[in-house]
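Provided herewith is a single structure, encoded as structure tokens, for subsequent inquiry.
We call the chains A, B, C and D, going by the order they appear; numbering starts again at 1 in every chain.
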Amino acid sequence: MKRLMVLVTVMTVLAMGSWAWAADTIKIGVVGPRTGPAAATGKAFEEGIAIALDHLNAKGGVLGKQVEVVFEDTGGVPEKAASALEKLATRDKVPIVVGESHSSSALAEIEVANRYKIPLIICEAWHDDITKKNYKWVFRAGPVNSGVVDFYIAPFVKDNRFKKVAIVRENSDWGVGIAEKTETDLKNFGIPFITLKVERESKDFYTELTKIKGENPDIILAYIYGTGLHFFVAQAHEVGLSPKCLILDGAGPPSLWDTFWKNVGKAGELELFMSSMHEKVHLTPTSRKFWDDYKKKYGKDPTDYKTRSIYNVVLIAADAINRAKSTDNEPIVAALEKTNLEVTTGIVKFGLKQGTYEYHQWMPPMLVVQWQGQKQVVVYPKEAATGALKKVK
Amino acid sequence: MNEFLMYLTNGIVIGVINAISAIGVSLIVGIMRVVNFAHGELYIFAGYFSYHLSASLGVPPLLAMPLSIFFIFLIGIGMERTLIRPTYGDEMYSLIITFVLSIVLQNAALLIFGPYPNKPPNLVSGATNIFGLYHYGNQRLLSFFISIGILLFIFYLIKRTWFGKSIRAVSQDREMSSLVGVDHLRVNMLSFGLGAALAGAAGVIVAPIFPVTPTGSSAISLNAFVVVVLGGMGSLKGCVIGGLALGIIENLGAAYLSTMYRNIFGFVILILVLVFRPWGLFGQKAQ
Amino acid sequence: MGNKQQAGTAKKVGIPALFIILAILPPFFLSQYWLHVMIISLFYVMMASSWNLIAGFTGQVSFAHAAFSGIGAYASGMVAVNLGVPPWLGILIGTGVAALLGLGLGYLCIRMGGIYLSLTTLGFSEILRIIITNEDKWTRGTMGLQVPGFFSEYSKANYYYLFLVVTIFLLIVIYWIVHSEMGLTFRAVLNDELAASSSGINTIRVRILAFTISSAMAGLAGGLYGHYLMLITPDIPSLGQMFLVLAMAVIGGMGSFIGPIVGSFVLETLSEYIRIYGEYHVLLFGLVALAMARFAPEGLMGIVGKKWRKEWVH
Amino acid sequence: MGALIEGKGLTKSFGGLTALKGVDFHLDEGEIIGLIGPNGAGKTTLFNLVSGVFHPDSGKLYFNSKNITILKPFEICRLGIARTFQIVRPFLKMSCFENTLVGIIGRNDKNGGKEERKDEVRTLLKFVGLGNREQTLAKDLTLIEKKRLEMARALATKPKVLLLDEVLAGLNPSEILQALELIEVIRTQLKMTVFWIEHVMGAIMKASDRIIVLDQGEKIKEGKAEEIVSDLKVIEAYLGESDA
């Protein structure tokens, strides 16, 4: 009986141990995958956050207090993502949350944000619905599927006169959404295409590639996020599909990870990928400053553009709190709606017209980059191009 | 037609590797009545060992492969001594121990090697045009021949050597074998090590083709279990035929039925076998 | 003798009653966050205790327990999303589907004995995962199925009480089964299958029965869990989840009534405290479970003391 | 009116080893029948066939003229054939009371309330001499007590035939006498037929109505005790064993 009581007491004490910290810092919540198949994104986020904090705190922080970040892991899984946001809202009681790079996770998170009425700025989850749902508390300062396809991928395919497209998509919200949008646009342009579904963590694509080869396309739009893309690219070369048929990595970062060249070998030559960052393309002074400070801090050039995306949203969040002069949700949302802030990719202004995905949405300009002799060459859009698209006859 | 041949080739190559991995499981089940759920993790560890040995430490890939297999053999022996030995005779206990062990090893791999797939350097690069019909990756062809070599070696080991005879004696009749002077604790330990080493062999062969990830281990274990049940527990020949059958069925199924359901075909057959021939396609019906 | 028995009865009724009174209190002093932890713990109590019913009391190691909770969750979630069935009814449907599939699976593989059951249930989990991921039209695959909650107004306290009531209900059923003649046959089968069979016990039927009941309970727990999270993902029927349930039962003490309950609360609370170490808490739990299984097969309950345990189990 | 149990041409082999070769036998109602033979003669295998643990490779088994060759152990038990084991198999982690109760549940009849069943268990435990051991766990019993407990469990299924596998092993002479009395009571009061394997020759000769002798899987002799003792083949079989 005594043991029972001890047990009950211990459990109660454990349960009551609340996490009340003295609030002498402003805490910004971050959600993103630090573990799981896309843990590289978490690493990129960490670097971007560190630079953002350096910049913010050097200027005296926010509302006179130092800024601190609470980074909750989502594992790239919607269930964990929802629970991560819930923890930030109920345990850490942060005034605002930023981040995320998986559409499926983001779609789970916006429901929680809406439930707890906590402002959330998404940076790298592209699904239309994230802003199309028109939740008052949800913003996005990053690419959106429809925008990426309408302004970049579809025109790129059309302008470069590709004759037949193979769309290969993973089974995720991002994959499904961006593939559907691409199909619509290609239909409008009258370009023939086929679509194949693949598993994100698959490692053997011989079957799919053999099928694609039978259709004889001249470009593959690969909507696969993660190292799966590497094996896809390498095996496409093995079965003799590429480089005659080019491959466009519709997300981007996987083509920039350290492991890319190791995994694909010479099959990586002429591969294309989406990006919002290039050594020679600096749209704002902040972009230059970020590039320089990154090099100073990490001793190398930044590769994954998501480092910069998270940097941007931390700055946007800090700016909103500063202007709201409060850490309460309503004033922060009001301030966000009036955002007019220069970040690395341009000047952020959120759309306010309800009814479409453009509500609370701001999209940075994107680039189509090609690996040419292991160098990144911007090949689209024309006005930003640093070289011409190379094809193999 | 060319496509069909291509799918078939892929099925056979993967089937042979399946067989090696499955023999590792089958050996341990046949001799000790222990299902090693940590089989897939040993395979993954071997893949990472060969990657780190060759990519990070600069050991030549051809040396890194046997070295990794040997490490896994030692790990297998260690596992048997510390965790598996006390479970002999208690099926439930051994199932729980090896399942928990698989989770521990999987997470240890995440901690040590990180979540990313890694591949040791290819021994050969490029592709060969097979009879002018289709292109096939050279590394895959090489892996196929190495696998055949390993299979022949295992058959020799088990059919022709003293060790193989003791193994067969113990798996047929534990009491009889101890009467004729076989030290079955020692046989258990060595065969557990051998089973582990076979998981490792499959791992190092596959790693350059399909890079290993810590989270991929359970699929590998399941694959081996399907083959073992297909072929009949404890049957070597069954493993080879079961492995080939699974490889071919999966690849043809993926090609002509559904790529997404690639991994389900094996299980469907597993369930059918369990319903109609629970002792396996090639095993013997026993009481 | 009569007095002693009365005192025993008083203890048997009094202690649970005390617990129930204590259990009513948390929403009055716990933060939302810790209430959430309590709710999740209650889910694990249901899972670990019902798994213990087959593993601890009939000696069958099923790796499909998380899968059955997933079946309950998806069945209930899908009828809610596609047909507008209210969650209250949905979870009953989910429980029924889990029971039926449990019966079918049990019928297929139990007659072949322990190893086959474990392998088949593992394969079943994998089949389920593949189907859920691929039939995204219905299940939304890894993207997660968003489902309605139980209450129109979201309230942690309401959910807590709902979980509490169902958990207590399940525990009473389990307690009743274990102490009934059915429970006695479970234990007989666990102790010695041949002897039980030779004493007229239809061991296959007993095993299938235990497996079906336990699967149905997992289905119920899963349904509740899904409608609490309002998001159903393949993580619910995953092997990772299965491991947590198994670890809770093993660490708490298999084959004891209290063991899995204690195990669930201890591990879930602990995992909140060591969450800052990310994924490593799974590794840590694994190591603890391994050490327990190897050196203290009766779990925490075996360590805490046999006398105390006896009062409860017998 | 045929035999209660009848076996025809029972053959069973394991791997390459033939344990039983075409054995015929029968039990009549109310008999006490002894089964003897050297080690490895196939006695326990015969019990395992009758109780459904194994099924014969060929041959048939009848109980009350019903074919029971391929029934499962629990079905055979419910028909009225109960057994004990040579190497005892009580439910170790259960009390004597619970062990016996399993036998009653195994009957699968819905007769009797909870209290009646409890009384029945107590009566049975007293009958086998474990009246004061109700709550003791089976694993804490002595070997002899475990054998008694198995007997109680078997009796609880209310069998018409009781198969006893070496229940006397390890008993001292006065205990053997008690046990023989018990067997006699089982026949006269409980009206059961007893089929038993025993190595204690004196006892089995004294208590059995008829004796069956197995050697190397074959029935070499059957008859009354006197006939068995004087039979050369039987003596050879046993001598052969002591030589080995």
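The rule we apply is simple: a residue touches a chain if its C-beta (ideal position, glycine included) is under 8 Å from a C-beta of that chain, and two chains touch if they have at least 3 such contacts.
All figures in this text were calculated on a predicted structure; none of them were measured in a lab.
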| item | value |
| --- | --- |
| Most centrally placed chain, judged by C-alpha centres | C |
| Chain whose Cα centroid lies at the greatest distance from that of subunit A | D |
| Inter-chain centre distance, subunit A versus subunit C - centres from mean C-alpha coordinates, in Å | 37 |
| CA centroid of subunit A to CA centroid of subunit D, Å | 75 |
| Distance from the mean Cα position of subunit D to that of subunit C, given in whole angstrom | 42 |
| Cα-centroid distance, subunit B relative to subunit C, in whole angstrom | 33 |
| Overlap residues in subunit A, where contacts from two or more other chains coincide | 35, 171, 199 |
| Residues of subunit B engaged with two or more neighbouring chains | 110, 260 |
| Subunit C contact footprint on subunit D (complex, rising order) | 51-53, 72-74, 77-78, 82-83, 85, 89-95, 98, 101-103, 105-108, 153-154, 156-157 |
| Parts of subunit B lying in touch with subunit C, wherever the complex brings them together | 29, 33, 35, 37, 82-83, 86, 91-93, 95-97, 99-101, 103-104, 107-108, 110-111, 218-219, 222, 225-226, 229, 233, 258, 260-261, 263-264, 267-268, 270-271, 274-275, 278 |
| Sites on subunit A touched by subunit C in the complex | 1, 3-4, 7-8, 11, 14-16, 18-19, 34-35, 73, 75, 77-80, 82-83, 86-87, 90-91, 103-104, 107-108, 111, 115, 171-173, 176, 199-200 |
| Interfacial residue positions of subunit C with respect to subunit A in the complex | 15, 22, 26, 29-34, 36-38, 133-134, 136, 141-144, 146, 154, 229-231, 233, 235-236, 262, 265, 269, 273, 278-279, 304-305, 308 |
| Residue ranges of subunit B touching subunit A (in the complex, touch as defined) | 3, 6-7, 10, 14, 55, 110, 114-119, 122, 125-127, 134-137, 209-211, 213, 215-216, 251, 254-255, 259-260, 262 |
